[in-house]
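Presented below are the structures under discussion, each in the form of structure tokens.
What follows is a pair of complexes built around chain A, which joins chain B in one and chain C in the other.
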Partner chain A sequence: MKGRLTALVVTALVLPQAAEAHLVVSGMGPLYDGISHFGLSPEDFLPVIAFGLFAGLCGKAQARWSLLAFVPSWIAGGVAAMAGVALAPMSISIVTAAIFLIVGGLLALNRALPPAWSAGVAALLGALRGLADLSGIAASAAHGLALAGMALGGFVLFALAVSITLPLQRLWMIVAARVGGSWLAALGLLLVGWVVRYGPVIH
Partner chain B sequence: MKLSRSPSVAPLLAAFAALVPVQAEAHILKGEAVGFVSGFLHPISGADHVIAMVAVGLWGAQLGQPAIWLLPVTFPLIMAVGGFLGLVGFPLPGSEIAIALSGVCLGAAVLLELRPPLWVAAALVGMFGLFHGYAHGSELPPGQNALLYSLGFVMATGLLHATGIAIGTVHRWPWGRIVLRGAGGVVLSGGLMFLWSALT
Partner chain C sequence: MRAFLAACLFAWLGFSAAPVCAHEVRPAYLEIDQTGQATYRVIWKLPTMGDMAIHLVPHLSNGWLEQPPADQFVAPGFLVRRWDIRTTPSASLSGQTVAIEGLADTMTDVFVRVRLPRGQQTDAVIRPEQPYFRIDLANGRALGLPTFLLLGIEHILTGPDHLLFVLGLLLIVRDRWSLIKTISAFTLAHSITLAAATFGAIQLPTAMLNASIALSILFLAPEVVRAQRGGTSYTIRHPWVVAFAFGLLHGMGFASGLASLGLERSALLGALVLFNVGVELGQLAFIVLVLALLRSFRLMELRWPRPIAQSPVYVIGILGAYWTFQYGALTFGIGA
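Presenting the complex of A and B:
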């Protein structure tokens, strides 16, 4: 009886617990961890879809230049974060709300930007998301691969979103995309309220 | 039973349990579904909110282009402004009365098939959206996932408008116009009931 009790106590003491670090570990390797992080984070994929839809509505040139600017900027932002340019949780919350407001507002208004401006906004979006996602993460080969996975996920989703709106001719489809943009802008505005009331709400 | 009598089995079990590998997970998505579901259910849990938001879609469908999409875009955007004011604690008295009045006014607009200038319709809808958002914003529970709660909240609001628009498509048929005006009468009655309870 005493032996069993000792065994139970020892078991309870040495039972391994989940180590909660930063990136989700899917068990499929860091590249897929990055892809799953992107796919499971609304703060990442929502503005990417919205800006892809917007770039597609603007036209072919805007869509091409935006896609080209977006992926390297995401990687550059992530590398900068791993090099020590980290955003504080409060800044991440504010950046996320601002991105939602700006990107959602652009899509809702549907005013075509010149290609250079469109590419500039895409670069800013990519850099800020890369920076926010990798803030506080130590530089390592595994995290580099995770960053590549996130950028890959962003590239695919951006390209898919562009391919939806680029050939759009029907008014109701354009209206649906613009309504989606207004929802994202509303989400950004609500997030600002959350941040003002409760402080950093996105980490 | 034999197991409990054996002195060597218990330490062995302990060793096995201790060595069971556990996946190291980071950024665990705790309570995310709860945040989305609570946010989604919030706008549809109050009948006073539901009738007004459906009425926005009904009126937009009755007015046709471009009001059919402009009104449902205006409402959530201004509602978010109201939500922001509610969250930061800005005082906006009389919001319950304004919410009830939104059902009365929007129901009456659909019942009487009113066709004011577009900017008047958008301003009216926006003004009511402000009060609806304020009521929601001041009731937002702490401890929720802010992003997913807000996402569910905005999506539910938009889908209520879409429901109104979908019902409003009957406007293309002569009998549908009568049905639509009848739906406006139902919204008006509901609004009057909520106005009565807000005032008493």
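Presenting the complex of A and C:
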């Protein structure tokens, strides 16, 4: 199985294919299409909320640096995808599963990271999500305003998630956040199983 | 910190209106009215600003609108075209497709109303992402009231001028009580003029109205700077007065979203109430989002470099000035 998984990962990364996802149509212009896309795509909003909650649990400095690292790296990832480093559907599925696992795991474990590490994980999360998001959108739909909307949506969602856990370190809230993290990690595991058995989840 | 938030919101507001214009998203209106067994009257109302109009051309798949209109005239804020169609009694509208050329390149909508002699009516909203509509008289129905609620929400969220003004107010107010008074005053004021303008009691030329709204944004910019520097003024001490005064203008701007729909007086009240509720919901959502983000930034103790922190208010001022000159020029017929 391990060999097969490795082969799948390598194949997916080496053989990029055109992904044919599309933006959500909000009816209110491309900026809102981008915001809606971020707000209505679980592969986007779940890890961002989870990592925002985790950063809030870690403390002010971690939350601050993570927020500042997330959006620029998301944009960088998106630009890289538009410049031709686009991921194939299989790669996007694997990246999504890995992000669910890592971010969900971090939140479930609730071990505070140093600010630099926290910012590093946020940057990685942003870059991978930006890469995956822009790889999944047909080039014709990659409107600049939609991309700005997606980045803005991510920024707002992250900031709001931080503000949930940062001020109130009550036990029930920490437990609830950690349970949520464990579910996200479990979802990541399920995704891995699905990808190995049936192929890419995101087309 | 507040200023950075304003920068983010500014990006949102600025980006949501491309090309830069202060809220020219009034819908166009197409009415197809069967006046006899084999006669139809088609009315096309295209929103205009001074002598300028966005490029929208209606087409009907049976070719009726390809002939020159029987009449064409300019009404306040609109270019109106009328076709009088004479056809055969067997000709039916059902199954025909209305397509709007140029709509896909805009962020406005087109309201379509088809009326038959027996009181049968079909309404539809054609949007840029699907700039056509197939007429189905068997299953057609009048525009539901929830549509007006959504129209109200859409009208304020896609209107950078209104949101910029609300943002300016939020940057000036200093405490919760002042915030509640200011937002309530703005809401009350724009509700009054929204109703009055929708029922035709008051009216301002569109360009002059937009110039005045732009001026309200321009007016707020230096007040925000003054407030951020710890200064004081009548506006800073009593922002609710300014909110009320300029809110009267903004309400007339909101009314433009309803005015073009050609609604009967009997249907107007329900539409007006829901449209206004939609506007309030959109405004409330915006305010809650701003306050939630401010709280988040405060909790994280985010401090931004001065140039970043100061830039939004200057950009708000620049946009306010740009729109003021743009619509001022249109008001006086300069460069139109």
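Please note the rule applied: the second predicted complex is superposed on the first by the 174 of 203 C-alpha atoms of A that agree within 3 Å, B and C clash if a C-alpha of one lies under 4 Å from a C-alpha of the other, contacts with A are read in each partner's own complex, and residues count from 1 in each chain.
As a working rule, a residue touches a chain if its C-beta (ideal position, glycine included) is under 8 Å from a C-beta of that chain, and two chains touch if they have at least 3 such contacts.
Since we're looking at a predicted model, the values are computed, not measured.
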item	value
Which superposed partner A:Lys60 touches (first chain B, second chain C, both, neither)	second
Chain B versus chain C as contact partner of A:Val162, first or second or both or neither	second
First (chain B), second (chain C), both or neither touched by A:Leu40	first
Touching partner for A:Tyr32 - first (chain B), second (chain C), both, neither	second
Contacts of A:Arg170 with chain B and chain C, given as first, second, both or neither	neither
Which of chain B and chain C A:Ala148 touches, first, second, both or neither	second
Broader residue contact with chain A after superposition on the shared chain, chain B or chain C	B
Contact residues of chain A, present in both the chain B and the chain C interface	25, 27
Chain A residues touching chain C - in the complex, by the definition given at the top	25, 27-29, 31-32, 60, 63-64, 67, 145, 148-149, 152, 155-156, 159-160, 162-163, 166-167
Residues of chain C touching chain A in the complex	8, 11-12, 15-16, 18, 107, 127, 129, 154, 157-158, 289, 292-293, 295-297, 299-302
Touching residues on chain A, where the partner in the complex is chain B	3-4, 7-8, 10-11, 14-25, 27, 37, 40, 42-43, 46, 96, 108, 175, 178-179, 182-183, 185-198, 201-202
Interfacial residue positions of chain B with respect to chain A in the complex	4, 7, 10-11, 13-14, 17-18, 20-29, 69, 72-73, 76-77, 79-81, 83-89, 137, 140, 142, 146-148, 150-151, 153-155, 158
